[in-house]
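Here the structure comes first, spelled out in structure tokens, and everything after it is commentary.
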Amino acid sequence: MPSSTAILQVICPDRPALVSELSGWVAANGGNIRHADHHTDLGAGLFLSRIEWALEGFGLPREAIEPAATALAARLGGEGQLHFSDVLPRAAIFVSRQDHCLVDLLWRVRAGELPMQVPLVVSNHPDLQDLAEGFGASFVQVPLTAATKPEAEAQQLELLREHGIELVVLAKYMQVLSAEFLAAFQGGGGAQVINIHHSFLPAFQGAQPYHRAWERGVKLIGATAHYVTEDLDAGPIIEQATVHVSHRDEVEDLIRKGRDTERLALSRAVRLHLRRQVMVYRGRTAVFD
Amino acid sequence: MPSSTAILQVICPDRPALVSELSGWVAANGGNIRHADHHTDLGAGLFLSRIEWALEGFGLPREAIEPAATALAARLGGEGQLHFSDVLPRAAIFVSRQDHCLVDLLWRVRAGELPMQVPLVVSNHPDLQDLAEGFGASFVQVPLTAATKPEAEAQQLELLREHGIELVVLAKYMQVLSAEFLAAFQGGGGAQVINIHHSFLPAFQGAQPYHRAWERGVKLIGATAHYVTEDLDAGPIIEQATVHVSHRDEVEDLIRKGRDTERLALSRAVRLHLRRQVMVYRGRTAVFD
Amino acid sequence: MPSSTAILQVICPDRPALVSELSGWVAANGGNIRHADHHTDLGAGLFLSRIEWALEGFGLPREAIEPAATALAARLGGEGQLHFSDVLPRAAIFVSRQDHCLVDLLWRVRAGELPMQVPLVVSNHPDLQDLAEGFGASFVQVPLTAATKPEAEAQQLELLREHGIELVVLAKYMQVLSAEFLAAFQGGGGAQVINIHHSFLPAFQGAQPYHRAWERGVKLIGATAHYVTEDLDAGPIIEQATVHVSHRDEVEDLIRKGRDTERLALSRAVRLHLRRQVMVYRGRTAVFD
Amino acid sequence: MPSSTAILQVICPDRPALVSELSGWVAANGGNIRHADHHTDLGAGLFLSRIEWALEGFGLPREAIEPAATALAARLGGEGQLHFSDVLPRAAIFVSRQDHCLVDLLWRVRAGELPMQVPLVVSNHPDLQDLAEGFGASFVQVPLTAATKPEAEAQQLELLREHGIELVVLAKYMQVLSAEFLAAFQGGGGAQVINIHHSFLPAFQGAQPYHRAWERGVKLIGATAHYVTEDLDAGPIIEQATVHVSHRDEVEDLIRKGRDTERLALSRAVRLHLRRQVMVYRGRTAVFD
């Protein structure tokens, strides 16, 4: 059983001595660094750092760590985020009728692969209620039409607040979240939305990617897990996966094979996010794995 | 050393007994089938077949095989193409300044991986002359500007005729062939053009795909080998390959990693084509491997 | 919904006209071939064929097809097996305590990816009872020690007979089946056992492959799905899959990553088996995909 | 054009503040860190670090950097190695008759993918002389039999000394280097030998791996690039690659497909080594990529 750690992510303008200042601060407080990873985007003049150290033996009381860490980041002219590995974020999974991603995510949570809690599953259809409840999540059906979308999203936001959700995973939700919804949920700070798109973006953006991939006669299909932004299918990519297809594969075969890539790409992306291995900057991600 | 074979490709409307009629014809002439592969496109109502049999012991004289085979295909209401495995097609490779695909193709020809002859290399730049000639090919520089393109293409077509070329491989040629050129070269029948596009089509069609992939922050980049049609980047795809990239990769790293996928996708596609394992129908390919 | 098909697998000594005789027999009875795939092992002098045709419009009554087909195979000096795509084999899944392969298989059965019924799950531990029953299977715990193995296996064989099982899938069963068990179950004919081994065979045969892979410092780990024979870990391989690992991965990470490859390799192998795309000969498989 | 950097690799017992001390030393001298990557092997109690910083603006004169850096590592109770990115190591490539790895390596050197010089190619056969010399390397044939091996190896060592070689790449050399040779060449310090083994180690150690892979009926074949130690095929693995094979592939096809994986695994391993991204400890490697 690995002991608890603190994870600091910092993004700030590049200049000399940044690694030294960050790691020096950890050392000055008696911390033993487990992982430290940095990236300099020379074109953008940006420095990104992820430092993880053992809480055991660290000199600051737990409640003092975040203020001190973000103050440090501010002194470097940047921004910092601090997380503890033993604090499991509360996530909601949004689904429609397809169950493969939901089963996979809930199974991985139970197996200890995904360090999060899933108190809530939301769907516009009733089909997956038993599955969600079988894994101990509340299931709420929020039906949705073009006309009722504003009210439905208001209800969804209220549910997210009630359950203290800070991560929404769109696990084949098949609906577009409005800019208003995203602003309301993500505006506050750390909350984020991860989506699985069933194509190798930017190929086949939009609807029915498997049908269009079949039409085009591609030899590989893919799936893309990304953070959701207002600009549909253009959010920062976290993970992509592909699988071979052939002329023998009908559209249904592409859909079947695609389910495996969707599951893998989504669960890897969620795990990377939960372990705070992903940093977003300038519309893209640095993934420290 | 494998003995020589005949390879018959037939495409015709689907109906019962087609496999039986084709294989029965081979058997009636004493042929021993090495490989037989068929595909039915139920949506299109089309039947595709590739049959390869040993020439040794086959009852027809060599010069009578093609007429008999194409007549058989015609009786089935379709079209047939017959090739002999020991007749090496004459190919021309078109290049610009980058040498990686050219080196790879010429090396594979010499190593016996690609059953073709390469009497001719054409380029709009002089850079790769020594390389081409070192492998025994004639190198002809055909400079090209927007203004001189019609004349340049006329010169290229003349070179292809002179050298008896039936396959053109665009190995990072970086120029678009005109509809007129394609009609003149491919119009007659079996001649074809294979291109390597440095992206995972249909993503990043057009120019500078690696720069655009970097901008988009994708986690995989790819390469696509396809037959060339008038519709740029939309020809039937033969082979695709991908490789992982990360935030640490600059555009130059994408280009470097991309060279490996380009080489692999192109050489596999050319090999599949040369072994007559590719059949084109309705803008897509069946690849019998 | 694809219509029902008959699938004939034939293995016999190679000679001319075999494709013609097999497809001619289908055609003579009015059958329309959907897929036909053949392989000649020149070294062994063997011919393998898989032919699948639509039952609709086929001239023989269903009960007459198998006798006719196996008689045909016998006339060719070989053996034939006939299956109908709409007859779902009855399978038992053997497990120990790990649930990932069991969940995956049962989910895929329910999703229509694996054309089989699973009336029975057998385990030497009680842990997975709820899971099995939740998917509608009978769960029987058969405890097992070195001393009680003969009785336990006798009980297992009786269970297999009772439930009419013709396929056993070892989904992380972690026990070795005795030669007697295998002879009793597989001796009769079509019954078979598929196992998932948690390494890239033949590397790391035997126990604790992930620990040994970690010790060796490999950069890829794998999983192997194979038919079970008396010779442990030496049965014919159906499918293998690999995943990258790095120095950052501890043994637990190898185990976690390994679960995904195990699931994928096993479910692909079972699907290939169920669709009768696998033929075994000389200790190896031909996989017609 | 990236500017020159210094790369420090340190391995020492794990304790708090190591990242801080290392990066603090760089910062104290005015260095701007480009990449910093660390790994803690908790089981072994070891800390590994690779730090790369720009030479431009660094406060120490070039000749003073290595002494200071290794003194720092010694103060931490460990060992340090310092390299400059603009100092190209001198490498010798040992080959036998197969040319694919040699062509690939020499092409990549010329293309700027592999930052090394190759003044020397050694072979026990004369076949590849023209190729080596065409790329500007001296080619020396050192024939070798069991009886003459000691003298041959003495000659090889003399050649390595003459040419100032610090890296030997066995690019399908097909001979085992004696313990004496390895001790003499590698004993002094930084010199190393990288080999490409044509299997997915530890599967198929020893001779004729492709023949044995074919016999076993595997569905994937691989290649392994590793540092050479006295214990044949057991040296620390740097890189592994695999490719799918099927029952249609004969031994020659495995060999052909294997050439591509050999080339890729070897060139990636050599590049990682040259960029000082590989650290060896306890018989394994940490690869900081």
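Letters A, B, C and D mark the chains as written, and numbering starts fresh at 1 in each.
The rule we apply is simple: contacts are C-beta pairs under 8 Å (C-beta built on N, C-alpha and C of every residue); 3 or more make two chains touch, one makes a residue touch a chain.
On a predicted model such as this, the values are computed, not experimentally measured, just so you know.
Ranked by distance of CA centroids from chain B, the top chain is A. Computed centre separation for the pair chain B/chain C is 37 angstrom, with centres defined by C-alpha atoms. A straight line joining the Cα centres of chain A and chain B is 42 Å long.
Touching of two or more other chains is recorded for residues 35, 39, 248 of chain C. Chain-to-chain contact here is organised exhaustively, every possible pair of chains being in touch.
By the touch rule above, chain B contacts chain D in their complex via residues 35, 99-100, 103, 107, 111, 113, 134, 248, 256, 259-260, 264, 289. Of all the residues in chain B, the ones that touch chain C in their complex are 14-21, 23-24, 26-28, 30-40, 51, 57.
Residues 39, 41, 200-204, 216-220, 222, 236-242, 246-248, 283-287 of chain C are the ones touching chain D in the complex.
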